[in-house]
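Encoded as structure tokens, the structure appears first; notes follow it.
Chains: A, B, C and D, in written order; residue numbering restarts at 1 for each.
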Amino acid sequence: MEPKTIKKIGVLTSGGDAPGMNAAIRAVVRAGFYYNLEMYGIYRGYEGMINDDIKKLESKNIAHVLERGGTFLKSARSAEFRTPEGRQKAFDNLKKHGIDALVVIGGDGSLTGAHLFYQEFGIPAIGLPGTIDNDLSGTDSTIGFDTACNTAIQAIDKIRDTATSHDRLFFVEVMGRDAGFIAINAGIGSAAAATLIPEKKMPIEKLVERLKARKKAMKQSNIVIVAEGGKSGGATEIAEKIKKQLPSYDIKVTILGHLQRGGSPSSFDRVLASKLGVAAVEGLMQGKYDVMAGIINNKIVFTPITKAIVDDKEVDEDDFRIAKILST
Amino acid sequence: MEPKTIKKIGVLTSGGDAPGMNAAIRAVVRAGFYYNLEMYGIYRGYEGMINDDIKKLESKNIAHVLERGGTFLKSARSAEFRTPEGRQKAFDNLKKHGIDALVVIGGDGSLTGAHLFYQEFGIPAIGLPGTIDNDLSGTDSTIGFDTACNTAIQAIDKIRDTATSHDRLFFVEVMGRDAGFIAINAGIGSAAAATLIPEKKMPIEKLVERLKARKKAMKQSNIVIVAEGGKSGGATEIAEKIKKQLPSYDIKVTILGHLQRGGSPSSFDRVLASKLGVAAVEGLMQGKYDVMAGIINNKIVFTPITKAIVDDKEVDEDDFRIAKILST
Amino acid sequence: MEPKTIKKIGVLTSGGDAPGMNAAIRAVVRAGFYYNLEMYGIYRGYEGMINDDIKKLESKNIAHVLERGGTFLKSARSAEFRTPEGRQKAFDNLKKHGIDALVVIGGDGSLTGAHLFYQEFGIPAIGLPGTIDNDLSGTDSTIGFDTACNTAIQAIDKIRDTATSHDRLFFVEVMGRDAGFIAINAGIGSAAAATLIPEKKMPIEKLVERLKARKKAMKQSNIVIVAEGGKSGGATEIAEKIKKQLPSYDIKVTILGHLQRGGSPSSFDRVLASKLGVAAVEGLMQGKYDVMAGIINNKIVFTPITKAIVDDKEVDEDDFRIAKILST
Amino acid sequence: MEPKTIKKIGVLTSGGDAPGMNAAIRAVVRAGFYYNLEMYGIYRGYEGMINDDIKKLESKNIAHVLERGGTFLKSARSAEFRTPEGRQKAFDNLKKHGIDALVVIGGDGSLTGAHLFYQEFGIPAIGLPGTIDNDLSGTDSTIGFDTACNTAIQAIDKIRDTATSHDRLFFVEVMGRDAGFIAINAGIGSAAAATLIPEKKMPIEKLVERLKARKKAMKQSNIVIVAEGGKSGGATEIAEKIKKQLPSYDIKVTILGHLQRGGSPSSFDRVLASKLGVAAVEGLMQGKYDVMAGIINNKIVFTPITKAIVDDKEVDEDDFRIAKILST
């Protein structure tokens, strides 16, 4: 497509927050400045676009945000943006400020909004994958995923201390929505006895069998990682089922919860977010619209948003195999 | 009391594990070596004493344990030790090894065991306060408490990132059994909107009022710390009650759980455990039996175990006042 | 002294920054709001007082600063404040804003400034001990000290990994100016082979002897902690001397440096800073001027600034003894 | 090549240690057990092979090592292994134990040893890239590199706190030998004012210019990352040159040093090491000898050791461009 001339870019974060969103915003804004563009922060996602919660950003707004978790632009869900009237209001506000392009950082819902908005109003929009769940195609890793994995294993390291001291069996539930990416990494990375992910059904009997085999092999502590979106239920449900079959085990459950969403981003996420932030601005300048910027095989790739959302990225079969080899 | 001549000391950890227990064990053993004593590790607490799970410790056994969470001697509850027969078996095992004194690291239950054992068999025994709950008299701080506070605030820092990004209200439940020490420190240390501790009843109405006042003052995120042993219920119960009165709030709950028990001990806990470990050995050599070694006002103090357990240490009224001043 | 009526308090940080300064500022400001006072931030210490770099603080200025290292009010050295003319200019600026009391957070130099200023202009001033060095009397622990100790041991934990993998001897230099507080805590807390502090001269021969004894005892890695202000030189000098006497050792040096000054404050420092911040405001309201607020034996204590600075706090003899027992 | 039947595998770590080596050893051993092989630990690298410091490994030897920095098999340099006589002695020891294949974890020197040994004695050998420097071809990332980057940015985050509080200019030296990988990641990940890497010569004048431009733009703190292997010298030398040209700047230097080699491995390194450990064993079973296992574009790849060492991996030109865009 023949690139339009872009002078003012608006940037927003939407959906669940993820560590590295601030680093991405900073990179977008700083790249904009590098190319002499005016940069606008749209606060609270699409909600702020509708409510004209929009401010011109200066260098000082992005000082010392790179290393902070969360998103200083804040995030919110917007029911109104799902209506044509809401989107019209949002578009009018962009026009008012002269904003002629958008960078949207978020998960599939957020990118869908950008796509819809582009389709309806033709405003150049590019998406960045910001979610701890890593459930977007078009990128090997989403912004926030690596940090969430680190947060998870560090928490599990602490849990292992107490599990081992007491010869206990722990069920630890990690986030990831319908995807098992955090779980499989946490499982491999924390020497878990087993990892239950939504992509693979593991019958309770098989889990019982493995736990018994480990007891025979004198392994005294056991940690089982359970992805929140698993078909057999969360950590609490699984633990209850196991308890019935292995009543002599000392079983505990920890649900890591929202602490996985926060924290200072890891080196990997800071670098990823920084690269993608620059790519978003350069992509817009080159006429790449309605796409998501990602990194595949170490290269920047622009994938149509519709494809980035629809495609089903799944935990690699080989990762699952390795988790199994290492846990038995 | 005229000190008996001590040649072999047994050391054990019992009850819930706490970060710094390893540092305490190491200090006990190393101090023993310094004074040319033989040192024995009793594994799995009183259970191991009964089952003769006892090994002579050498320098290599305590290498690189100081910085590790948990307890390499392991911990367990022992029903059998509560019976006279169990204790007789335990005593016979000590005699078999020639162990003539004991250091017991743990909470009130563990120290009670040491007291009982001393009363019945006259074996010199000294206790060290090892619990994250800080609910023992006879010491300003128990081993593990400072680490647990740090673990809690670091987790809450992460939760605050996401709370702020979404203008949410979080209820975070911390450990502490019947004591609010972790909660009050976490509350002050994480700028909580309110802190609910077992020692103080806070009516739901008052909490609702404070949350409303904060909304008026434009504070966008709110974290409420809930001690697990609170009379009004845990974080989940409180959150449900608040939800009914403030239905428009976006409310989430996180129960930090067992990760508070693990982790590499903080500097404070390493130093505290090291000092108390040396004090335990020197105390035994000076004829201080049936006491717990603690630090009060920066000085080593030996308190009769019966007193260390019975007395009720409570959250300082002034700490509660300060938490209130800083949260409104 | 009959307390003056105070309506506007100015707060500043001065000298070397320390983790927890932000928490202290926040507590001062929030306590001021609690008592319906107007609060002013004086930026860049006394330099900002002279240059009228003074702003009225609102609630939003202190949001999300508690958990951050450094000082958002910034710090600077001021040569001009050491002159009567400089101090007159500073005083005129305070008068201009109607500021009728001061809270100064910093080390001995900063508190001296407050004292001098109070003597000359009679402006109610209270100091808070903010320094990682812990070298102020009138408080058991200064704000930032506990965090610096934690930063040090966490860094040394990493160094130990590599020391042990290679059977190396490491000399690690920690901060503390003329005081050995960080060093002695780091020494005890990281199982150091030896700890060299300014308060105690350790002849090189004795250190050589101890290292040889450890080699005999098959201890394969060795970490020696060196306080920066030691009389025998820093880590580099000591290492060179040892190298000459033990040429077969694989010796490395790490100077931890300024990373010890930063970082999110520990739980202990957050709570300490919070309590002292409230105490400062309440102290001013009660007519406590020209004093430093500290915590001694778990109680708030106000010590005349002249005494807090002059007195020589030294590493406890018993701490040194314990470090020795545990390292041999 | 027709795979030989392998029954006993020896594993060793050699050269500078790196976080994740323990995770790699564990994965090698556990994969061996999975395939019913006998596994031997060769202690202290090639030195231990020569000195017969070799032990059969059991499950308990690799319990709780995955999360620990360093290498429990220890590492050492061996002058003797560089001689044919030394290698003959080493080979004889392997034969004595019946070890019929090797996994060598380390950097280029370590892999060269494996290659030589394979050439001379035909013993199946596979290498794994274990070094924080990331300077090996045949893998996108070496084991330990991601952890070192995280350690670096976390240290720099702390330094930034104090840099910002005092409006200072810091020169921070990071490791990486002749490669700028840690530096460029740390530079992007910590919002550095400039990053000096061996691969790119940056004249002092250009650096001075950039620092001046930043001062004009009111950026108050500046962090310059310097790779240790830079042609213009280390952080100390650069700082001295800058000091002469910008005498009014408050300049400090921190050399991060060996703490970058230690620490619990990151999630990324744990997973990478785990996958490569399994790949090494499966590779040997499939007849892949004299190669290094790595991950390129998310796929396991076996590269001839001679190629993995000789090829020059360089910092991506685009990474350098992005660092520049984001720092100006």
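Rule of thumb we're sticking to: a residue touches a chain if its C-beta (ideal position, glycine included) is under 8 Å from a C-beta of that chain, and two chains touch if they have at least 3 such contacts.
What you are looking at is a predicted structure, and each value in this text was computed from that prediction instead of being measured.
Novice: Taking CA centroids for every chain, report which one is farthest away from chain B.
Specialist: So the farthest one, by centre of C-alpha atoms, is D.
Novice: Take the average of all CA coordinates in chain A, do the same for chain B, and state the distance between these two points in whole angstrom.
Specialist: Result: the chain centres lie 36 Å from each other.
Novice: So, what's the distance in Å between the C-alpha centres of chain C and chain A?
Specialist: 39
Novice: From the C-alpha centre of chain B to that of chain C, how far is it in Å?
Specialist: Here chain B and chain C have centroids separated by 28 Å.
Novice: List, in ascending order, every residue of chain C touching at least 2 other chains.
Specialist: 157, 160, 164
Novice: Check the chains against each other and report every pair that touches.
Specialist: Inter-chain contacts occur between A-B, A-D, B-C, C-D.
Novice: How about chain D: which of its residues touch chain C in the complex?
Specialist: Listed in rising order, the residues of chain D that touch chain C are 13, 16-17, 19, 21, 68-71, 74-76, 151, 155, 157-167, 170, 252-263.
Novice: Could you please specify the touching residues of chain C with respect to chain B in the complex?
Specialist: Residues of chain C touching chain B: 26-27, 30-31, 34, 59-60, 63-64, 66-67, 140, 146, 149-150, 152-154, 157, 160, 164, 185-186, 188-191, 217-219, 264, 266-268, 270-271, 274-275, 278, 297-298, 316, 319, 322, 325-326, 328.
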